[in-house]
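Each chain gets a letter, A, B and C, in the order it is written, and its residues are counted from 1.
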Amino acid sequence: MKKIWILAVDSFLENIWNRIFVLVAIFGGLLIYASLLFGVLAVEQELRVLMDSGLALIEMVTLIAGIYFSATLFLKEIETKTIYLVLSRPLSRLEYLLGRVFGLILSLLFIMVSMSFIHLILLFVHHWSWQNSYLWALAGIFLKALMLIAAAVFFSLFSTSTIAAIVFSGSLWILGNFTQEIRFLTQKESGLTAILSRILLFLFPHFEVLNWRGGFHEAKVLMGASYAALYFSIFLALSWLIFRAKEF
Amino acid sequence: MPSVISFREATKVYSSSHLGRTTKKIGLVDFSLEVEKGEAFGLLGLNGSGKTTTFKLALGLLALNSGTVKVFDSPPSTRAFYSRVGYVPELPYFQSFLTVESCLKFYGRLSGLSNSEIKTNLERVLWETGLVAHKEKRISELSKGLSQRVALAQATIHNPDLLILDEPMSGLDPLAIRDLREYLFRLLEDGKTIFISSHSIFEIEKLCHRVGVLKEGRLIRVLKRKDWTGSPGGLEERFTEIVQNDHLTGALPKTSPR
Amino acid sequence: MRYFFPLFLSLFLLNGFFSSLEPTQALPDFSSSKHPVEILTLLNLGLRRLAADIEMVHLLIYYGSSEAMADDLNPPKGVPLYPGIFLRAKEILSLDPSFSYVRLYAAGALAFNLGRPDEALELMREGLILEPDNSKYKAYIAAIAFSQKGDERQAVEALGPYLHSPKTPSMIKNVAAFIYLRLKEWPQAAELYQELLNSKDAGYRKEAKKMLRKIKKRRI
């Protein structure tokens, strides 16, 4: 565990140094501009719009950063051969994989906390009162990010191409937002369309189970968290199967 | 003398597939070698002769197709010996945001050193590799020579018994090469084993007790120090003669790969 | 490699199981939207609520702006004023059916300002189907029905306590205050204009200030 933590902190620091501050600064600027604009235009729904636009930006930045960092992490280490200096040490490939993935997770948490901090300041300035549903909304976004980073890590190791990993993970992100409508198709349509729609439901993730903006509902939260945990674990296991046999 | 690294008929063939076509490239063929404890063993060969492949097989970064490799009597898959090995790859790369000190601490921790051991060992390797004045600098600010010193420092911070050095003198100026050579001599005096490759035959000649000559994945000759010290042209002449007179082709081994 | 197949199979079965727990949703209808690419992009990113918010802002600009499209202020014969309000509201509500502000705002505008109670009632009925216990929606339907019959007093009284709720659109309060003025119910009108002084809409705040001065001097 100690070595996993050492690698995780190293990954986190590398991400902090390189990119995250730029992302957070850009987000902060975007949010301030969005709030000024929406405040004027949305009039009586200013708070709702500020809440939704802030959470949307937090989600987009977290997921984009997560997919990008995940897709490039291992391939960059292999390309620059920094991986040699770590794998020639007394730690297993599993420890290495887990360490780097947890470092990614720490980086995403940092992004989310920083952006939420800026968002909450703006909300409080606009006379918003704290609601726990805010934390649940963030939790749902974080779990969605976990699912996508596990998939992106797998695709990067499987395809050995950053672009392919980003494209596949990005596709999962987009298609995972349409599964409710695909279910609608399976019920309304028949024949080949219904069959294909049903197959798609098995292929794509279901992000709606992680939409917790309505607040805490025990069954929904348990269901979503279990789904995300299992999805993450399966993709991590697949990544390990590839990584343990990989040659450098 | 007990052997630290042992290769027995090791074969490594690289396969790559593209659009249904598979191409094979020889890494090593029927490679047998024993590196003894306390010796400096040099690998010489033209580009693509299999030097880096040899090191990577010893470290478990590559898998053999057939044959065996053991380091301290254990195969790389068991990961039993890694705390006793220090490795400097060809063209090492470090995270640019780290300082020299934080970089060495990172690798020290990964090697299993405690905080007090890191503190002691860090002072030692910084002094031995001439990095004391540069310990606060970021990796991105370092010259090629200083980066190479950092590479050596990270390989020795955990006081390993075996050093595997792939072209450690690449890109260094003459003074840096001299300092590195002296450091390696000190390590040999401390009983370390060194397994090194270099294009600088002059340095290998000075440092090594034995030298293996690789050509197209085959170990075509192992020379002892006495084989080149008497010769007028030294190791360079012997190497050139061996490589030019060898008639073996790069055919794939007859034994079926694993 | 022998573990690959069972793991992939587990993934597929996991997705299949959880798809059965997800609610079904029809693709939102944004055929009437002026910004379909924007909406589709947001839907692709799973940002339905934000898409609804942006369309709501477009709706407010459309209805609330004095620079509204020339066609809408001077429609051809037979075409109502602001013909797009109903379809735009339906589109927003297909993106976010729980967006009650848009439902009430659009229904209020249609029923009390634009004389299109049938469209207003359709919006409110759809709201009741989704939230059968929503007494606010029931009150609005009653108010619209009374307004259709020309009974303005009953219309404003049907809204009851919801009229003074901070979540009630300022437009509805303004319409109700104006009705009270016509009925010469000065205290009730003044109470609503007093609330409108706290409205986030500068136009309504200005109007409320002006009307309160007039009520005080009874120059109406």
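Methods note: contacts are C-beta pairs under 8 Å (C-beta built on N, C-alpha and C of every residue); 3 or more make two chains touch, one makes a residue touch a chain.
The structure presented is a predicted model; accordingly, all values stated were derived computationally and were not measured.
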Per-chain CA centroid nearest to the all-protein CA mean: A
A-C compared against A-B, more contacting pairs: A-C
Rounded Å distance, chain B centre to chain C centre (Cα mean): 73
Intercentroid distance (Cα basis), chain C paired with chain A, Å: 33
Whole-Å gap separating chain A and chain B, where each centre is the average of the chain's CA atoms: 40
Multi-chain contact sites of chain A, meaning residues that touch two or more partners: 245
Footprint of chain A on chain C - complex, ascending: 1, 3-4, 7-8, 10-16, 18-19, 21-27, 43-47, 49-50, 53, 56-57, 60-61, 64, 101, 169-170, 199-201
Sites on chain A touched by chain B in the complex: 2-3, 6-7, 10, 13-14, 17-18, 80-82, 84-92, 245, 247-248
Touch list for chain A against partner chain C, complex: 38, 41-46, 48-49, 52-53, 56, 59-60, 173-174, 176-181, 183-184, 187, 201-209, 211, 213, 223, 227, 230-231, 234-235, 237-238, 241, 245
Residue ranges of chain B touching chain A (in the complex, touch as defined): 56, 59-63, 79, 82-83, 85, 87, 89, 91-95, 97, 106-107, 109-112, 154, 164
